[in-house]
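Heads up, the next two complexes both have subunit A, just with different partners, subunit B and then subunit C.
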Partner chain A sequence: MADIIIDHVTKRFGTFTAVDDLDIRFSDGDVTCLLGPSGCGKTTLMRMIAGLETPSSGRILFGERDVTQLPPRKRNIGMVFQYPVMYPTLSVAENIAQPLKHDRSLSRGERERRVEEVLDLLDMRKQARAFIDDLDAGSRQKVAVGRSVARQTDIVLFDEPTTNVEVNAKLQLIRTFKAVTQRLKQTIVYVTHDQTEAMTLADRIALMKDGSIVQYDAPRRLYNDPSTEFGGWFLGNPGMNFIAAERRGNQLHATILDSPLDVASDLGGGEIVLGIRPENVLMHSEPGPGSVEGRVTEQTIGIAGRNLARIAVGSAVIKVKADGPAPVAADGTVQLSFPRDRILVFRNGARVTL
Partner chain B sequence: MAAVSQSGGSKVASPRKSLFDDRRILVLFLLAPVLCFFIVFNTIPTLWLLGLSFHNFSLTSGMPPEFIGFRNFVQIFYNKNNIWADLSRTFIFVGSAVSIQTALGILLGFLFWGSKNMPGRRIALTMLFTPMVLTPVATGTFWRFIYDPTFGVLNAILRGLGADHPIDFLGDPTFAYWAVVAVDCWMWTPFMTLMTLAALGSVPKAELEAAEVDRLPWWQRVRLVIWHHGKFIIMLGVLLRTIDSFKTLDLIIPMTKGGPGQQTRLVAVELNKQAFESFNMGFSSAYAVLLLLISIAMTSVFIYVLNLRRRKDSAAGGET
Partner chain C sequence: MNAESLKRKGYYAVLWLTSLLFFAPVAWIVMSSFKTRNDILAVPPKLIFSPTFDNYLDLLDRNTSFVLQFANSVVLSLSAVVIAVVVSFLAAFCFSRFKPKGTNFLMFILLSIRMLPAPAVILPVYLMYANFGWKDSHIALILFYAMFSIPFSVWILKGFLDGVSVRFDETGLVNGGSWLHVIFRVVLPQLKPGLIAAFIFNMIFVWNEFLFNFIVGGVSTQNIPYALAVGTYSDGGLNWTFIATLTTIYIIPPIVFIYLFQKYLLAGMTFGTVRGEV
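The block that comes next holds the complex of A and B.
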């Protein structure tokens, strides 16, 4: 058992609070991605789990064991760094074997077996004797992963491991990570600012902002049901559309709605915003039930060949992601409809259910 | 301007032909001040020295220099105070002083590196580096006072500890040599500490953290991580100290002048004596030429070794 329990942990650097009273549990055997923009505290949180930083207050536990004050070498963890860290004078196999060498509980045979196993897992058997200096950044990072998992520690930490790897090698590396994490039932915490990476790898994503965890959920849920405006904006490419709405009695009015939206009477005051993902907005050439008219301002081909259009509806600009191009050229008018079940309502930045 | 015309833009930039359009002339022009300085203050004196070493020329005799071929060189080896004793003394001096400085310097470097949060660290570092910036003559002079048998502070301490007789550190053949080595170490250990700190600073933090997470024992961390990144800076420090201590003179003159007997007479001390006490300019020039050759030989060996390692590393594709 190695749940990672973060018990009201705060970390301050001078007057800056990097991690603010975090309280969360990462379950045993899960791959958890810490996702968030730069400076949100995700790396600091991971370094505290590793023992490379000490919390200003609060406790960190691995299962029952309080590790808050333990140095990294006593925590029994593996870690993959942002910059592929190698022992440069050694071969690939020797690198992977290095942390095992100093574990007296392992027999020589067991050590060799584990190195072999990891080499197979990484598909690097042919390069076992190669020297680290001969490898590219992607392969080096694979070796670093091998070194970290070969010890079969309960917990393995990944600190933005693909940042310094070129794009092509990156995809392959992520595939390797996926294979490794599925094979080994270790508790994995993976820091990244790349949402695609997080979506691909994670069982659960902890979305972070300003030193706090905004939402901790499975990738799909995080994407479809963001609990905050920030979550809707940060995830997705491009992020969610937000349209200001006005509340009159039990009804919401907005430029994208042809008829008002009914809401509960206890919604409370404050700023109300409607959110809808670009791929959920439907685009037609002819008016239909519930559609509103908009003017195409820009069209581009976006991710995976999908078409991206920006359409002005009143004072709002709506991003639309569709399989085909908009039916008219720029400056033409189109009809947009917004399925009611896809519209999310936020009050003062936080999600409200209707 | 040269860059513009080189890139083929001369038509637009300047239709006039300038002397500096030729890159070689520009380079020569830019290097000229340094070259002049080097030739006037380095090349010419060296050639002058080389010429003089083949002449019999004494400043006291008033006679013009007389060409005598290799006789000065022969005399260096067949003199009754021949060069071998001075040379071996010098090599032992260099070997012992430099290795003590390196060992102590590395030790201190690691201590300072490992105590980043220690209060007063900056002041301690500043104090540690003072001996290095002092003038060697001043250092030698006040160490002579410290070592003094009658009013020196060292003997006062020994008396306090119950010693019967004062020890004449610089006058007693048993102590003189090592007393001088000790002062050289006092003066130059900080330099090796500085080099060690620079070497340790060049080790990427992530690699140290990885070694910590991987639970490598300290000697493996030093071998696999620290030495790999720091070796060139440390080796450079050893090289600089070796060349420099081969020429040690200004520290010894105020302390022992090469005595007692010939105990601390290093090659530079003998050279100084021949040139500026006996005024045998021809003979001392020959002596200097010989020392120059030895220095060049030593430096070449070091550079060869450093390059060899670098080549081996880059043959393996390293970025060091």
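The block that comes next holds the complex of A and C.
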């Protein structure tokens, strides 16, 4: 069992810096999701952990062991790729057993026991004798997971394993991952650009941008308390609303506020922005305490039957996610209220607490 | 009969005619090997004759070096090509996976070596071999043939290796395989068509090789092309029975080989143009 310690690791490709002086520790037994947009360096970081890339500078440690210069096979890891690569002429069970054959410390009985265990875990006992060519992409990926965990390595890495799987199979696959990760107490690093996946699977999410980790927190905390504007925007569907605010003395004024917001006097200068999640904005037909007026510009039905409305308040456009449709049709007028405890304040892109 | 089937029949007629045209000389040689000397030279040519095996018996009886020549041909080509394919596979793997600086330039140089006419190198090679005392040595000749086969094999195999995704390597590596495991157990099996294509192309080259065998080789390394060239006039005129018999034996191994591996050979010939991604 091992922590993964990334000790000031930088990776450059030519003049491009893919990973920029990262310094972080992924705890033993945790499922950590590396989440971020394309090109943020999450895959490069994972490939360095796997040993497929060597850092330009810095060290990678598994527990006490410095693995920076070790080849992949000496690192005792398992990895599942975006594209499952299998022995097409072998059956599911044989594919899972394949890497075990190279471990001489395992007896034949132990090998068989592990394969059986993994088949149960994946709920694939019926397909054990099936050939890889007969399986769909989702099932192949499950076999790849099985092959990686059967070796019972300290660390298992997942590199966007659901990208090439169609939607229904994807949900099933994520359920399998969840079951597998809960049963096994291995340290797992999971790379994805899909926030739902990250939210479902992770104990902790490392949100990445431009080669750096922006925030490293539990999913709920990351969602509710983003430390940066980027975090608020990237997580959530749709992302957070951002409204420009103006500071006068110790008070913030914005179009969404009917009365100014008090702030500390040492806030400092710079661009101030208020953020609030679309589902935290309340929409009424009649004016209430603290409400401001807005005009409905667009209405759509979003995920899980939630209604999504875009409402113009002064010069700002606010996205609102509610259980029911807006009380008026497009171009009608509604009242919006913004609970004060849900409003986050950002200065120059970074969160400030009031 | 509709137009479609007529077109089809015409198409086959053309194919048959072309094949007959190309195979007529081969058929003549093979038939001649079963004829007597008089039958071969008969005018008009005899299509119907009573076959005889005398020529083959003759070849074994009188021409005492036949067994040596045939064995030499087999040993020289097989060992040279096996060496060439093994070396080329490893070289191509390196070029394809690690892409050392100047890979493209080196690949170009390799291909240009293939364009070098043999007579252009025969003199320096002869001088070198003569001075080293390597003339008439099997090992020296095998090494030379291997050297001559490697460039083209590297070229073919690199094309095939580029078609095998790096994902296979990486999956193998992170799941506990060594490089040796990845090279020989994961990548190699997927390269069968390429290996067989390289094998056959080079086999044909060495099997047909006369010039270097004649000049760099010697009495103990003589092969069938050498025997054909030397034996043609051995009878005080063109020795047709000898030529026909030896040629017939000579073409059997390549035909058998190609027949057995024809599906791979086709894949080998289309390399670079048809390449599937996994």
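Definition applied: the second predicted complex is superposed on the first by the 353 of 354 C-alpha atoms of A that agree within 3 Å, B and C clash if a C-alpha of one lies under 4 Å from a C-alpha of the other, contacts with A are read in each partner's own complex, and residues count from 1 in each chain.
Methods note: a residue touches a chain if its C-beta (ideal position, glycine included) is under 8 Å from a C-beta of that chain, and two chains touch if they have at least 3 such contacts.
Not measured: the values here are computed from a predicted model.
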Determine, for the superposed arrangement built on subunit A, whether subunit B and subunit C clash or fit. clash
Quick check for you: in the superposed arrangement, does A:83 touch first (subunit B), second (subunit C), both or neither? both
Quick one: is A:126 in contact with subunit B, with subunit C, with both, or with neither? Answer first, second, both or neither. neither
Touching A:147 in the superposition: subunit B (first), subunit C (second), both, neither? both
Which holds for A:72: it touches subunit B only (first), subunit C only (second), both, or neither? both
Applying the touch criterion given at the start, work out whether A:50 contacts subunit B, subunit C, both or neither, answering first, second, both or neither. both
In the superposed arrangement, does subunit B or subunit C reach more residues of subunit A? B
So, does A:104 touch the first partner subunit B, the second partner subunit C, both, or neither? neither
In the overlaid three-chain picture, which partner chain does A:248 touch, first (subunit B) or second (subunit C), both, or neither? neither
Under the contact definition given at the top, report the residues of subunit A touching subunit B in one complex and subunit C in the other. 50, 52, 71-73, 77-79, 81, 83, 85, 99, 102-103, 147-148, 151
Over in the complex, which subunit B residues touch subunit A? Could you list them? 204, 206-207, 209-210, 212-217, 220, 224-225, 228, 313, 316-320
Residues of subunit C touching subunit A in their complex? 165, 167-168, 170-171, 173-179, 181, 278
Contact residues on subunit A for subunit B in the complex? 50, 52, 71-73, 77-79, 81-83, 85, 87-90, 98-99, 102-103, 131, 133-134, 144, 147-148, 151
Per the touch rule above, subunit A residues touching subunit C in the complex are 50-52, 71-73, 77-79, 81, 83, 85, 99, 102-103, 147-148, 151, 157
